[in-house]
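Heads up, there are several structures right after this.
First chain A sits with chain B, and in the next complex the same chain sits with chain C.
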Partner chain A sequence: MMKKEKHTRMLSGAVYDLRVALHGRFAGKRKPNRKFMSKKTKDMIFYTVLIAFPIAQFAYFYVAVNVNSVLLAFKSYDILSGAYGFAGFSNFINIFKEFSGSNLMAKTAVNSLVAYAVGLIAGVPLALLFSFYITKKFPGHGFFKVILFLPSIISAIVMVVLFKYFVDRLYPEFMLRVFHKTVPGLLTDSRSAFATVLFYSILVGFGTGVLVYSGAIARIPASLTEAAKLDGITSLREFWYITLPLIFPTISTFLIVGVAGIFTNQLNLFSFFSSSAEYEVYTFGYFLFAQTAYAGTANYPRLAAYGLLFTLVAAPLTFGVKKLLEKLGPEATEF
Partner chain B sequence: MKRKIWKVNNIVFVLLFAVLLVYVLLILLPLVWGLYTSLKTREGFVRDVLWPAWPPTFNNYVSAFSNFQIKVAGLQGTKVFYIYDMFLNSLLYALGGAVCSAIVTCVTAYLVAKFPYRFSKIVYGIVIVALILPIVGALPSQLQLTRAIGVYDNMIGMWIMNASFLNIYFLIFYATFKTVAKDYAEAASIDGASNFTILTRLMIPLVKNTLFMIILLQFIGLWNDYQTPMMFLPSAPTVAYGMYQFSFSALNSFNVETIKITGGIMMLMPVLILFLVFHKKLIGNLTMGGIKG
Partner chain C sequence: MKKLAMILALMLLAATAALSLAGCGGHDDKNTDKVDSTRSQIYAGIMDGGWGDAFLVSAKGKFEEKYKDVSFEDGKTGVQVMIDKQRTYNGVILRESMKTTFNEIFFTENINYYDFINAGVLADITDVVTAPLTEFGETKSIEDKMYPEEKEFLKRKSDNKYYAVPFVEPYSGIIYDADLFDSYGFYLGKGGGYVNAAGEKSAGPDGQTGTWDDGFPATYDEFFDLVDYIDGSSVVPIIWSGQYPEYASYVGTSLWTDYEGPANTRLNFTFGGTADNLVSADAAGNLTPLGPTEIGESNAALLGKQAGRFYGLDFLRRLVLSGGYHNLSYSPTLSHTNTQQEFLYSAHMSGKKPIAMMCECTWWEGEATPVFEEMAVNDASLGKKARNLGFMPLPKATTAQIGSNGGKQTLMQLNENAIFVNSRTAPAKLPLVKKFLQFFLTDAMMVNFTQVTGNPLGYNYTLTEADQAAMSPFGRSVWATKMNSTIIYTGADSALYLNHQGDVLNTRLMWDAVIGSTSYRFPVTYYKNNSTQPTKAYFDGVGKYYANIFGEPK
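Here is the complex of A and B:
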């Protein structure tokens, strides 16, 4: 028994010696323990895999859609065959005829410009003043902030339904009872319909502006306003000389992006009137949407041509406004 | 001098307070009027448009609930969608679209902010140009191309269509990720964390509040949007589109002002509750800088 145990111990000792010898023989020649991939390669693969979908989505839903829109502007639709064919500039010629031959487009252009101008002259300053009020934490600021943002979260169609009956049913009733005057509803009366729609659009459009402006005002270092207050500055002068210059980059962003609104703002007309709004209240945005929704596939090339023309006006106008604001605006660093 | 400052400050405050008070009245009056009008009978409304009626009745809600339906004509005949079908469609459309859009925007902003490749700069440039450059009237083309790849009238297709990073939220995520120090990711990397682990376990939790707020804002926007489902998802009408149809319906059962107003109040409630619960998060300070370059 003892002999067998001794024999086994000797054998295992020999195996161990052999392993040590083999290790000594080959260990020096073994390749260094490299990782499967370098960090750079791993980063690159990770980046490529994750960015592939967003880029593909962008390539199709932005690039291809817009390229196709340009091509569509030079096509016509054959109702019999249901196919599109090259039409040269005929869509554009028809558009120029529409512009020169009817009052519709002239009225639409005027309405769109008026809506933009009123938004600029009344909407932006009011949004800035409201933001100033909220950021300075004047009484009721929390409540006002919630109410200012409320129309942005309520569905446009719901707000419009309530407002529509409010101005068309309640307003005439109110005028009759209080002032003993018989008046038509504000939307029913074609003389007041556009002003009412415009007023409504500005009324419900403060939300995002106030939110972003008050965020920008809140980032102005307190030390700046405190120092000004010690020098005896009034709230009005603080707003004009400190707040406005310091948040100018944010304001200019809104103004630049807003230029496109001349051609895209529907003024909630589709929610008010569906596709049957009177020509007196038309805007470019409403015209394009209502036509696409109800005029059918045959009209797509004509509408694409309208879109291309509007873009050709809107794009340089936007960049022009950007350059102008950079040149005329105060040189300020936003915090 | 101090007296003059005090006077000017007070005048500014009183004027702004008065304007804001008028604003609040203009916003709340139609809502309050709509709410008590929804509790009137048709006859009660005709008798007195101005004031609430007593006792209130909930019959309009019952009528609006049972009549709120849309008939959609398809290849297999006409299908009727009731209010609960439309709520489900709205939920799928808004939740899927909001989550897809916010995650794609968040991940793209992370890649662009944290991986300084030349391509990242190109992507950033694309966002800025797309935000400034106005492209008008691409809707017909969009309809054509969505039909071409089967995205049209398809719920998942709508999520894909919404999953774009070309929005203002990209800049918010980008600014947030830029402020996160490199040390976090480097420390995690030394401990053996993969890029995916760093993104999902470290970076996304760091921006989870912003991500949640953006999902919520997108959700509300999509929930309320009736024009996109009307144009791109005709076989799955959402509740917002249903409301649009309802408000212009000339059918006898719908064509009553009180019923239409009640429909509006009914649709208002879910979003209003969501807003009242989360309003502090939603209207916290949203930060956005100017456009440079």
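Here is the complex of A and C:
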């Protein structure tokens, strides 16, 4: 036992001596570390690798798709030969004929604009108020939170089915039993169908709005509101003079995105009526979706022309609203 | 309190999640076979629709048995057919998914044939379509069993090749509860009045007694007298889906084609030939013939003025004004499957009024299979094969029409159905897949298909009395319909048809109208909201819509 311990000590002593000798030989004489690549190059490679995939994806799924759609709007398709030809502006001419042939597109435009306007006038203010209420933890804020977020968590089809039964079966039954009045369901009655769908759309739309607005309100420094409270500010004045100006950039983002959505908002019509919605309730989003879902390739150029026309209206409108909001909105920095 | 709220929220979420799953329809019977590596596989895709997949499971079993000792690939003996049933296996979505799917043969609907060919997703199957089915003991080929119009359309003229063959042949119309008709005595009696099934019945629309349509309304007038009579018997005369009002429009389609007959109806797809039933209408419903007119692409819009359209619309208008429809027939909560459920349960559930008829298509019985099964759990007499339900012969617009077209109805084949082979099928597997296609279209298997689904395939073939005995009463009545009708195949290779097959000329979408400047889709909705308007209003609207789409007639 003692012998083994002695050998171990001798070995570790020898290793130590070797290390000391090597240190004496090379210390201070190490060659400068020659870098394989400069930091700038390494950063560039990292950056390239990081964004190559998103850029490729953007190039293919956005740029290429949109360029192709723009080109398609000026083509025709011969279904017998499967060949595309140059059509000039004939697809656009046909669309204008469709516009003049009936008021379907005018009705669709009105519905789409009404949907945006109602969202703007009713949806945004209510979402802001709910967000303020929840963030300030007023009584029952937890209940409102659950109720307003629930539609965003539950499957859209389930929500629509529940709502449909509520307004189209329960409501007439309620009216009959309580008021002894026979009334049609709110969706059955063509006079109230669009308003009902619109109401639903606003209702389920609160989830996203409240989530984002609440986040923005929560970032307002507590010291600011506390100082205001010491000065005796009421909740309403706090909302109007502090909260709204400070989260205005968030609000304006919603408003701008909403303008672009005029031509894409389906208003959940497919969930309500599948492909059998009446023309009375059509929006541009549903129109394009329904047309594309059943169209053959021969119809794609016409639909591409529709898309291009919508973009020609939506793009300047969106930029216009952006400029307007920048000009009219309060000068405030969001925290 | 917080904990309680959390529990309640979780329970609510669980309940809604369960509802989501139930909403999927419980189609969990997707083939779960495991791949047997000792056998060669055929991957078959099928649209999860009204016909179900029982017919394919049946064909699979028979095919696998027939070739269990045959080797199609080195080191393998026998065949295994793998079935993949999906709702998305139809239309444009299928066209795109075929570019990546492993499925080799498809049985499906909503096929824009030339679109599929141009997309390069269909394999050339000319060899097996034109070859006699001698291997299966038959002398005819698949082509020999097809209708002339099917051959003309499916054999592409530019290369004389087939890329698809017809599949199921559905029709639209009115389904009636024969048990209810019998117990309440809703059949028309020979000397007037109403009788039950054992009574002496009227001659029906073909004008001859002792035939398949005895006791049914011969004219629209008789039909609406019957509606009034049923209504007065505390029975709901008719129901259709509020969510899909096209099921009511479909009835208009059948009445339109029945009035027009085969030649005039085919014009709506070929756009070439003489139309001899074009009319103008006045508000009182008087029709003025426009005389025989040669139809081409330049005046295709004139087809919106076919008298059959007027009469089909008139029927729908009268149906709405009669008030004899179910109170949910305009509610979007009433889907097609809810409608079937209401119809089937109505006569067997206390607190409900029985429903005598339903606007539907021949595929409905397959879709309603879960309801039949559910009802049969407590009472076997309510199962699919026990209940007497039938496909009603079409009433005629006028007495002059009774017995027209040799007593045969004219019906349109719906939904552009087809069977085809995926061009991505490995060359080594192609002969086997094509053999399965041939096997599926042998006479024996076509009979099997009809027995299992209660629907005919779009071919000429026969069923014996014994074959029919294995079918449900409804299936037998559909077969009787096929035997007593001329079926219109909707495919045609006119450029106008092909360019509008996806939108205007889809068999689902043939009743658009522009009235004033307002667009309408469904006649029954229009007449509910505009009950004082004459048939002429919608009829002229259809003409205007056609003119908008095809151009003013020149």
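To be clear about the criterion, the second predicted complex is superposed on the first by the 302 of 335 C-alpha atoms of A that agree within 3 Å, B and C clash if a C-alpha of one lies under 4 Å from a C-alpha of the other, contacts with A are read in each partner's own complex, and residues count from 1 in each chain.
Going forward, a residue touches a chain if its C-beta (ideal position, glycine included) is under 8 Å from a C-beta of that chain, and two chains touch if they have at least 3 such contacts.
These numbers were taken from a predicted model, which means no experiment stands behind them.
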- Query: Based on the superposition on chain A, does the combination of chain B and chain C result in a clash or a fit?
  - Reply: clash
- Task: Please indicate which partner A:220 is in contact with in the superposed arrangement: first for chain B, second for chain C, both, or neither.
- Result: neither
- Message: Looking at A:288, would you say it contacts chain B, chain C, both, or neither? Reply first, second, both or neither.
- Response: first
- Task: Name the contact category of A:101: first (chain B only), second (chain C only), both, or neither.
- Result: second
- Query: Among the partners chain B and chain C, which is in contact with a greater number of residues of chain A?
  - Reply: B
- Message: If we overlay the two complexes on their shared chain A, which of chain B and chain C does A:80 touch? Say first, second, both or neither.
- Response: second
- Would you sort A:114 into first (chain B), second (chain C), both or neither based on which partner it touches? neither
- Message: Looking at A:202 after the superposition, I want to know if it touches chain B, chain C, both of them or none. Which is it: first, second, both, neither?
- Response: neither
- Task: Once the structures are superposed on A, label A:249 by its partner contacts, choosing first (chain B), second (chain C), both or neither.
- Result: first
- For A:130, is the partner it touches chain B (first), chain C (second), both, or none of the two (neither)? first
- State whether A:157 touches chain B only (first), chain C only (second), both chains, or neither. both
- With the two structures fitted on A, what stretch of chain B runs into chain C, 78-86, 168-176 or 186-194? 78-86
- Note on the structure: On chain A, the footprints of chain B and chain C overlap at residues 143, 146, 150, 153-155, 157-158, 161-162, 165, 169, 274, 292-293, 299
- Task: Sort out for me which residues of chain A touch chain C in the complex.
- Result: 78-82, 97-98, 101-104, 107, 142-143, 146, 150, 153-155, 157-158, 161-162, 164-165, 168-169, 184-185, 187-188, 190, 272-274, 276, 278-279, 291-299
- Query: Any idea which chain C residues touch chain A in the complex?
  - Reply: 2, 5, 9, 12-13, 16-17, 19-20, 23, 91-92, 110, 112, 114-115, 117-119, 158, 242-246, 330-333, 493, 495, 498-503, 506, 509, 514, 517-522, 525, 529, 544-545, 548
- State the interface residues of chain A toward chain B in the complex, per the touch definition above. 39, 42-43, 46-47, 50-51, 53-55, 57-58, 60-62, 64-66, 68-69, 72, 126, 129-130, 132-133, 138-140, 143-151, 153-163, 165-166, 169-170, 173-174, 177, 203-204, 206, 211-212, 214-216, 218-219, 232-236, 248-250, 252-253, 256-257, 259-260, 263-264, 270-271, 274, 284, 288-289, 292-293, 299-301, 303-304, 306-308, 310-311, 314-315, 318-319, 322, 334
- Which of the residues in chain B end up touching chain A in this complex? 1-2, 4-5, 8-9, 12-13, 16-17, 19-20, 23-24, 26-31, 33-34, 37, 49-50, 104, 107-108, 111, 115, 117, 119, 123, 126, 130-145, 149, 160-161, 163-166, 189, 194-196, 199, 220, 223-224, 226-227, 230-231, 240, 243-244, 247-248, 257, 260-261, 263-265, 267-268, 271-272, 274-275, 279, 282-283, 285-291
